[in-house]
Amino acid sequence: MLSQIVSALGVVVVAVFACSAYFYFSNKILDLALPVKDGDIRSAARNLNRRAMIRPWLFLGPALFLLVVYLVYPVVATFILSFYDRSGEQFVGFANYQWAFSDREFRQSIFNNILWLAVVPAACTFFGLVIAVMTDRIWWGNIAKSIVFMPMAISFVGASVIWKFIYEFRGGNDTQIGLLNAIVQLFGGTPQVWISVPFWNNFFLMVILIWIQTGFAMVILSAALRGIPEETIEAAVIDGANGWQIFWRIMVPQVWGTIAVVWTTITILVLKVFDIVLTMTNGQWNSMVLANLMFNWMFRGGGDSGRSAVIALIIMLAVTPIMVWNVRRANRELGGH
Amino acid sequence: MTLARDFFKIGPARLFVHFVVLVIVILWLIPTLGIFISSLRDKDQLVVSGWWTAFAGSSRTVASRLGQPDQQKQEGATYVIAGNVLEGQEGRSIRAFGTRVQQPAAYSAGETADLGDGVSLLVNSDGTYRYMKNAPFGPDDGGRRVYVSIATPPEFTMQNYRTVLTGEGIGQSFINSLTVTIPATIIPILIAAFAAYALSWMEFPGRALLIALVVGLIVVPLQMSLIPLLRLYNTVGAAFDAPSKTYLGIWLAHTAFGMPLAIYLLRAYIAGLPKEIIESARVDGASDFEIFVRIVLPLSFPALASFAIFQFLWVWNDLLVAMVFLGTDRQHLVLTGALNALLGSRGGNWEILTASAFVTIIVPLLVFFGLQRYLVRGLLAGSVKGG
Amino acid sequence: MTGLTLKEIRKSYGSVDVLHGIDLEINQGEFIVFVGPSGCGKSTLLRMIAGLENITGGEMYIDGQLVNDVPPSKRGIAMVFQSYALYPHMTVFDNMAFGMKIAGESKQEIDRRVRAAADSLQLTNYLDRLPKALSGGQRQRVAIGRAICRDPKVFLFDEPLSNLDAALRVATRIEIARLNEQMADTTMIYVTHDQVEAMTLADRIVVLSAGHIEQVGAPLELYERPANLFVAKFIGSPAMNIIPSTISKAGPTTTITLKGGRSVTLDIATPVSENGKTASFGVRPEDLQIANGDDYIFEGEVSIVEALGEVTLLYIEGLVPGEPIIAKLPGITDIRKGQKMRFAADRSKLHLFDAEGHTYRS
Amino acid sequence: MTGLTLKEIRKSYGSVDVLHGIDLEINQGEFIVFVGPSGCGKSTLLRMIAGLENITGGEMYIDGQLVNDVPPSKRGIAMVFQSYALYPHMTVFDNMAFGMKIAGESKQEIDRRVRAAADSLQLTNYLDRLPKALSGGQRQRVAIGRAICRDPKVFLFDEPLSNLDAALRVATRIEIARLNEQMADTTMIYVTHDQVEAMTLADRIVVLSAGHIEQVGAPLELYERPANLFVAKFIGSPAMNIIPSTISKAGPTTTITLKGGRSVTLDIATPVSENGKTASFGVRPEDLQIANGDDYIFEGEVSIVEALGEVTLLYIEGLVPGEPIIAKLPGITDIRKGQKMRFAADRSKLHLFDAEGHTYRS
Amino acid sequence: ADLKFPPGQDTKFNWKSYEEFKAAHADLKGEPLTIFGPWRGEDEAFFRSILAYFTEATGIDATYSSSENYEQQIVIDTQAGSPPNVAILPQPGLLADLASKGLLTPLGEENAKWVKDNYGAGDSWVGYGTYKGKDGKEGYFAFPYKADVKSLVWYVPENFKEAGYKVPTTMEELHALSDQIVKDGGVPWCIGLGSGGATGWPATDWIEDIMLRMNKPDVYDKWTTNEVKFTDPAVVAAIEEFGKFAKNESYVDGGAAAVASTDFRDSPKGLFAVPPKCYLHHQASFIPSFFPEGTKLGQDADFFYMPTYAAHADLGKPVLGAGTLVTITKDSKAARAFVEFLKTPIAHEVWMAQSSFLTPYKGVNTAAYANEQMKREGEILTTATTFRFDGSDLMPGKIGAGAFWTGMVDFVGGKSAEDTGKEIQAAWDGIK
């Protein structure tokens, strides 16, 4: 065991060191290749300017390399595959696209995804905001924050297990071991098989993601809220606004930009996350979403690379407007410099 | 404190805040709490009663077997098999018993049940029983089933954790997980920070385009890239006559998959650093490399820490990427994989799922609490800038 | 009737006492300025009046009513912050209307009042803009407008001009003076660092230092008859020159011996018991003149000449090493660095403070 | 030899021209101050000298060398920023030593120079502190110290004092003046909003407006002989009073008719061709005196009296409605609001500008 | 290595086959062999104990790995070109797909012949290992190793005894028994379809069992290839028949609503409750692993063969089963040796002796079975006249591990049998 630890440690150190070494030595070499001598200011300036032209690419190199190989290349490959049949060998034109839009399951997934997109980012942001605001104002706020953040540390699969315990249904007269049903029963309701109620089961699944991601929203928004000038709140207090009004009319509008960032991040997550649906329902009872549909077409029973490629592309397409907006924002920020 | 910070403290509003936060905290805690308690319960009980009843004593009706005829003793005219149905279960007591499964509580403890044919049975609340017959017990009378209602005090067990923690190769896979996770957390941060710096503070053609590319790539679904990449790995592996599934491979994979978000978040922060500080350093003669290492890196530590938490959580909890790029053999199996293997071939054993959910959560939580201070500060500048 | 009464007002943050019992009567319609060095508690006191800080001890009355526990919005006050504190996401109109909307005023009424305020502050053309599209001076005017719309009994300003540049500062200062005239019944309390603001705006100035009131009085009173060394040095720029001295002859007029040995006689009466005690002699830079002949207070060598056009500042070394005496002469002079010069001053403009720093002038 | 030469320096951001061709010669060791209204391009020009902004057009020479493409670190400059721009994670010592460490100086040399700079700025006791544990004035001194350690040929300041409070500002200003004296060979270029700073520190002041140079000259030159209306109004506080007028008799001395009808004769020569043209008559508030008898320039009603102790400002209405004429009288007066008064001024202190705003004084 | 049963000692094992194998494969020492299979947890330990014998005999350096998503993993690995040497999968459908993409190595006719000769219902088994290759030609690709019998109904003998119930021998009797239990105030069936992402599959076993009992085997075969469609009356009738059990409120524990959501691992626990929640449970031979701890087979629990309809007596006693199939995904001598090893009785017996392993291999000593019940199950396999592989595993993954499951869940949830059939058929049409 000890030797394993030692060798693991060694590997870790070497890896991190090698990465640092790249940056260190590539810059060193650049400096050596284009020397700057004290004497001649003209040639020194020329070399410095050349360095300035090359150096960004040294900095960006590894990131670009990884992005291109690991993300751009698969995207391109996927795009090409989307015009081929299931084995990726026979060109079929737009057949896969045609199929997608006529497939019931696909339409169902789109519908469900829209539901998810409408609910989860909003809910996470809302709860995150409320918790951030409120915990800033009580002495045990940090404890509360930690608890809300905790689900972030749980894997999606683990989280699904946790929630299975909440939604668990026992038929007949058995004691309910699912908390939700136990509570429903306590109040005289009839226990339900929550995750199999079409349409509504989407929401029960969403709750899980909301439970996990609210911590993220909370952390970021709480930081943003601290950036709000105290004086604007004091001014509102003098203007006679109550806590509720201050929250909605003074604080929220001022962190609007951050809300947008959080919203975007969670939106993307919603489109990409599929573990929850996989473990909870695997898309049954009309709870299929695009990511799972893609997964199914990609791997289930040998896979169909063409159709899964179409779905993957559609997921990406769905986020494009949000991304365009984000890129614009990023560039606008840049202009401010 | 200024008033704005505690304006909620005025009157009932303050109570309301405490109340709301308490409700939210409880709502958020309940699922985790439930699973934590469940992980401490007996695996058979787990599926028959709610975890919230774990603290209350419960009553269960179970089947038990009486002794074999070879234990019988003759007492006068009656033959007796004596024993205890609660063998090895301290602290419990019998409420009632029965001999037919349809009426398992027909007799209360201490009562002698007449079972006809000269057979009778007495079960006391302490579990001792006397099984009596007015003739010798034959071989057919052996191991008769009786049903007893047992009052059980709350009980917890560490067995589930023992199973998980002593599972074969858990230690190894723990180390494997760390071997994967630590570089896969640090390397992307380093690379992304350099890139983010270049994208915020260095002038070069195509910068805006690159930013667009990075932001755009955040959306690429991970599953999509697995097969093309693995193919690439195999080609490269074959070319260098090296195995295609290596730590290096998975580090790079995790690094790349985390890269867009890392650059996106770090750039927001780094771009928000005061321009004058960087210009000062430039006037002081520092090259971009020196500015980055000596000024930007220390100043962005909070942002780096917060991203580190996200990346760490993601890598630590990942199973898919590890399986694809590192493989599932013992030497390379990560913790999530090892715990997964403890589950039977046909899927979830609740007790293992619950206990392992807690085992995996520990390290991320430690990391979270360790870096928490920086977390809030870290995203501050980034988010304010964004806003 | 009394506008505002502070009785033994105290403030502590935890174990730190910030205000040690402030007693102050402010009349309705008065313009009061709080001045004092940074950290002396000006903002704290103002914020307590606004209700933004709890009152640790003492009693505060507005219009005769105890307001210790009255929330800000019910005190009939309005406040203008140093940082403007405009709501960045609202237009100028909405910024000014916010308080009234909260109070549920009718649309017409809101419109009427906002437009009236905007008119009087020349903001009518900007009503639809967001604060970020305004210049600093305009922003501060909006903040004032917002306060006006509340139609307050007491108007509070916390260094409203300190974020503005010189020219704007003058313009806005005049605006505030005008406002004060228009709203004759409204009590105004104004915190500032800037002497010119304090002197030009105030009916009375309250000089604070380390949580105590040092002196309360009309601007010229403070300038001409500072109650103590602190006020003497604080009011006026550059600050009053202070020279250590000993009282050599007390009486209806007092003769003192300055550090360096020269004797000066002042038109200030001192009790005979003070004879021989150390005292601080003070003279303002602008009261010093170049002496003709022997009737001078001190002499020294000019170490720095700062010609500002309108006036010239001379830094004269000689009396207390490292603490040059400053003289302010009108216009442009041809005095050069290194020149040895003698200075005199009008006897009526000399000041004398005892060892504790209290003035001898009654 | 020439310290710094700017030839037709231009700057555009995209299609926005910010500087429209700046020509300037700065001698070695000179202290130059750039002033001008906000947004006129002062900082931009300074940053171009530093090499922090690209030069869109024109040529810039430092010590005779073309530096258009030379990066900041090779220009032999040092810069002090308005926001201090200290490295927050480094101690004072490390902040000052950073540049030398980068340059690879020896440990002893670094130590020697940092200590020398710290000594001269009284920072020796703070060398181990982080910037956040320093007051604003100390921080700015560290920033200056850091610049000193670079031993620059050209020292650039961008509003170094504007984040400090009044007292600190005065103290640090004097410090900079001292520094300038000590580093006689170092050229200093200083951007400020503050007139007092400009007047007291500068050898020559460069007045910028909207990307043009309006005038370059010694401080008193600008004060006494502003080249145009812009400079006249910009230098001096309160600003020079400007009264529209017509030239009624041009010649070696000029007689003009002010708005309102009064004639004034000035000691300024105008070509006869100017007869009958409109002109702007200017007189500084501090040059106005209460007129005895009939020899006055204008009369009006006092609308505001601002007594500052040292001086009194009078706002006199009557000539141009809404634009009161300001008079600054020394000391305390008993003039009251509403009084009608006449004002005169020394003939040599009157200004006259033509319709384009250029002075008639040669 | 650590061998569970020292060679040569226990006479119930066929040690001779082991020694022979050892002698024939002495030349492979140190060769690497990677095996990828579906077994995890307990099963993995059992399989490793088998592997130990293999390693001991040949010196081959064999590594075994598995994963929760082994199905997906093998697709990724084979398509990306980094397959293990040997892949063991329980789905002929998936294997057929891999074979059609040329990702499997044929095992050769001699192996097919061996299976045909040595396995009970050998023809069927050969059929399930024979697929079209990339070239479109049929070949033998998959060697069956480890089987499950699915046509079992589990019950608690003592519960039957106390209530006076008899094990039914025909489907009609089974219905009568169910009614009787209802009349006695009990609930006859525990049915649970829940299985996380795979929810619905237990119902497919029901349908398949019923299909075999109402139709000729070739109808079943055609059904698995969709020559008989899901909308076919035969299929709809089978679904209907399942509905008589699962959708009958008084037949199932918890009522019909509970069926779809109860986890299949939890549902047999109802048999052992006191009083019992149900008396009957249809499930494959592996289910005892999910019985409460300490349950003794034979005494506390037992099974009977899922009876056939008296009305269809001509169909004989068909057996529905499943099994794992061993394929070579990357050919090597060691991989071949491994397949050879699986032909030795010892490779079966050692696992048999440890539980949860059935084999149709007729050459094994059935005395090696860990208990009487397993032996009986094993005998069902070896003596079967008609053996049919789990149909859903034969169908394309999209159906057998998708639409069919979902359809069953929908059916139990209230959809009619016709609509369910239509829905599944539509999905099947979609993948063509």
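Letters A, B, C, D and E name the chains as they come in the text, with residue numbers starting at 1 for each one.
Keep in mind that, in the parts below, a residue touches a chain if its C-beta (ideal position, glycine included) is under 8 Å from a C-beta of that chain, and two chains touch if they have at least 3 such contacts.
Everything quoted here is computed from the prediction, not taken from an experiment.
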- Least step count from chain D to chain E, where 1 means the two chains touch: 2
- Message: Quick check for the class: compute each chain's Cα centroid; which one is farthest from the centroid of chain C?
- Response: E
- Which two chains meet at the most C-beta pairs? A-B
- Task: Select the chain whose centre, defined as the mean of its C-alpha atoms, is least distant from the mean of all protein C-alpha atoms.
- Result: A
- From the C-alpha centre of chain A to that of chain C, how far is it in Å? 55
- Chain centre separation (chain B, chain D; CA means) in Å: 67
- Note on the structure: Cα centre of chain B to Cα centre of chain C, whole Å, reads 64
- chain A and chain E have mean C-alpha positions lying a whole-number Å distance apart equal to 40
- Task: For chain B, write out the residues touching at least two other chains, lowest number first.
- Result: 2-4, 47-48, 227, 229, 319, 348
- Sequence positions of chain A contacting 2 or more other chains: 52, 174, 234, 237, 254, 256, 295, 298
- Query: What parts of chain D, by residue number, touch at least two of the other chains?
  - Reply: 71, 73-74
- Query: Which positions of chain A touch chain D when the two form their complex?
  - Reply: 36, 41-42, 44-46, 48-49, 52
- Task: Over in the complex, which chain A residues touch chain B? Could you list them?
- Result: 1, 4-5, 8, 11-12, 15-16, 19-20, 23, 27, 31, 51-53, 55-57, 59-60, 62-64, 66-67, 69-75, 77-78, 127, 130-131, 134-138, 141, 144, 146-159, 161-163, 165-166, 174-179, 182, 211, 214, 216, 219-224, 226-227, 230, 233-234, 237, 242-243, 246, 254-261, 265, 268, 271-272, 274, 291, 294-295, 298, 305, 308-309, 312, 315-316, 319-320, 323, 326-327, 329-331, 333-334, 337
- Query: Touching chain A in the complex: which residues of chain B?
  - Reply: 2-9, 13, 17-18, 20-21, 24-25, 28-32, 34-35, 38, 46-53, 171-172, 175-176, 178-179, 182-183, 186-187, 190-192, 194-195, 197-200, 202-204, 207-208, 210-225, 227-229, 232, 247-248, 251-253, 255-257, 259-261, 263, 267-268, 271, 275, 287-289, 292, 306, 310, 313, 316-319, 336, 348, 350, 353-354, 356-357, 360-361, 364-365, 368-369, 372, 375-380, 383-387
- Query: Hey, which residues of chain D end up touching chain A in the complex?
  - Reply: 65, 67, 69-71, 73-74
- Query: In the complex formed with chain D, which residues of chain C make contact?
  - Reply: 38, 165-167, 170, 174, 177, 193-196, 199-200, 219-220, 223-224, 235-238, 284, 286, 304, 306-311, 313, 328, 330-332
